[in-house]
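You will see two complexes here that share chain A, one where it goes with chain B and one where it goes with chain C.
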Partner chain A sequence: MDVYEVFRRSGHKQPFEHCGTVTAPDSAMALLMAKECYLRREEGQYMWVTRRSDIHSWSDEALFEPAADKSYRFAHAYRDVVRKRELARRRAGQL
Partner chain B sequence: MTYEQRLTDFRHYVGTGGKVEATDWMPDDYRAGVLKFIEMHANSEMMGAIPEREQIPHAPSLQRKMSLTAKVQDEVGHSQLLYRIAEDLGKSRETMYLDLVNGRSKFHNVFHYPTRHWGDVAVIGWLIDGAALVTQAALLESSYAPYTRVLKRICAEEQLHLRHGEDITLELASGTDKQRAMFKDALDRWWLPIVHFFGPKSNVGKDLLLRWRVKTRTNEDLRAEFLDRYVPKILELGFSFPTPVPFEFEGHWVLREEDIDWAPLDAIKRNQGPETARRLELRRSTYEQHAWVRQALAEPATQVA
Partner chain C sequence: MTEALVAIVTSLGDDELILGHRHAEWTGFAPHIEEDVAFSSIAQDEIGHAAAYYSIASSLTGLTRDALALGRSQGEYRHAVLCERPNSDWAYTITRQWLYDRADSLRLTALEDSAHDALRHLATKIRREERYHLIHADMWMERIAHGPIEGRTKLTRAATTALSATAGLFEPFEREADAIGEGWLTVPSEELGRRFLSEAVDALDGLGLPAEVTPDGWRAEFVASSSGDLIATAPSDPGETSTPAGLGGRSGRHSPDFSELWADMTRTYRADPEATW
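Showing the complex of A and B:
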């Protein structure tokens, strides 16, 4: 018996999301168990199962820490628009 | 890092609202405590399906029979979800089953009592599910994250069960004298077990599960919330309470501690409740009768040419 991770998706607008785990001897049975456990009330129309041992992850989550300041990847790095627009407007008036 | 330092860091982490995953480092006491707690919850969902199951043949209509059957299936489903995450803490399902039937692990007090008639289904579905929902909703803030994810799903279904139980209650309460007497009889028998359900007053200093935020609220706090929420609703339907009788005090519905007889709960803790032996025997015989199903499922499918 293996542990299978279960993912489901409702419709096409949302991504697949992890919803739980089941224990099963093979993927066909895992799908059946997953349907019984996680689709009892039309919570989705699509389902994936995969062996837990086939899922790969970082062993050390500290590796997610950015190596340097990467604030330019976020919208908050581009604030103060009103003042900047005012400067640009004034500069345009000088032409 | 020494064990002591790790322990201090862990305490600080959960103490400030940090969440723990199955693959994270955790102190042995935390792992054992969470496992025992979730296993008890899983056992209770499994054993809790039995009392209501007894009443399926006595449902007053086909509709009621189908809805009660679905509810019983939901409860067994909850036990499957919970046993699954308990397994991830390092105890096999087989061992959890053996510990249950051999009396080494526990299940909730209310499932150690007999059911007599359809009135019991109303009280269990409305008040016991209502009590369970108060405690489970509080656990949504637990520090053990896999438990909170499963609880989210369980609470959604328990909300439905509560509506189901209230619907049966309202049908009896607005029915004939005989129907009202059925509800009253069931309430009289179940009231003390429901009061016990939340447990005796928590020992805040000693309770490790509280300190590690596996549980976030005390037993007496949860009982108080239940009384405030349900006592007025029961009175509104024109029913009275047996001992311990709740009364109004400073805007809250409360019980006097000395009015609560704890002896029946103590007997259940020793697995000596009125139905303990019979229910565990049923669990054991069902499990053994279904051995062939587990055996068939355990073998991966083979291709037939």
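Showing the complex of A and C:
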């Protein structure tokens, strides 16, 4: 028996969302079980299952923590870019 | 004439109600949690179908659906004996569901040609849901049939007893000739039974469970598969050969198994028929 991750979406314009897991011997049985466990109250019209072992993830989440200031990677860091450019031009003119 | 129609919807409704009740007895006890939810859902579906058949019966008799489902004496129920048999083990439960849903699929397909509007529409609606039940039963049958020998042995034993009782699903309804005359039924029950039997034996063969059936068709003996590892059920086992063929349900003759089920199922209603919740 394997653990399968179950995804469903409520309509074809919605994204698939993870909704839980089932334990099953193969993918066909996993779909069968997932239908009754996660779509029995009309929560959606589409369903995926995938074996948990087929999902790949980082083993060390500490890699996601930034070591330095990365605010330049966010749009909000450029909010007053017009004012800054004006300031820079003015400074350049004074030189 | 109405009586013929009442007999049909009562028989079909009772089949679904009683089998649904047996299925529901697995709630909390199925082999694993996911199957527990799935099988309980199927039980609810079957009882829902019963309610739909009783709605038609209700419009013809004036009795409420509750009174039809829970207010009758044991001899007034018209389900096949197959439906009231105890669940026994999981192999028997699945084999019975597999046989029942195949049989049900055939008779629903036939009812889709019924001249009776309400019956025809209901059959179309129910068959959509029964398609999933059949997928469920097929999947389990395949896995048990192709699994270890212990499962296969249990499966052949279950198929031997359940198949003979399946005959009861194709016993003619009361006043069936009237219903055929009106076009409410388009295929006689016994003809459907013959079609069912040949399909079921082929399907069992496809699962690697080759069965030899008796001339009347309803007793099966499983023979060794080509790989030789199928343990044939011993037809000489007195416990199995003495099993009644499972007929009589359509005229209200049930086995002692039904007394126990009926007492349990109708307890609350008998205590207070007006109870609401």
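Just a few scattered comments:
Keep this in mind: the second predicted complex is superposed on the first by the 75 of 95 C-alpha atoms of A that agree within 3 Å, B and C clash if a C-alpha of one lies under 4 Å from a C-alpha of the other, contacts with A are read in each partner's own complex, and residues count from 1 in each chain.
Throughout what follows, a residue touches a chain if its C-beta (ideal position, glycine included) is under 8 Å from a C-beta of that chain, and two chains touch if they have at least 3 such contacts.
Just so it is clear, the model here is predicted, and its values are computed rather than measured.
Applying the stated contact rule after C-alpha superposition, one finds that A:20 touches chain B and leaves chain C untouched. In the superposed model, A:39 makes contact with neither chain B nor chain C. Looking at the shared chain after the overlay, A:28 reaches both chain B and chain C.
Of the residues of chain A, those at positions 22-25, 28-29, 36-37, 40 touch chain B in one of the two structures and chain C in the other.
Across the interface of their complex, chain B is touched by residues 1, 3, 20-26, 28-29, 36-37, 40-41 of chain A.
Contact residues of chain A toward chain C in the complex are 22-25, 28-29, 32-37, 40.
The touching residues of chain B, when paired with chain A in their complex, are 74, 77, 80-81, 84-85, 87-88, 93, 149-150, 153, 157, 297-301. Looking at the complex, you find that chain C touches chain A at residues 32-35, 37-38, 41, 132, 135-136, 139, 143.
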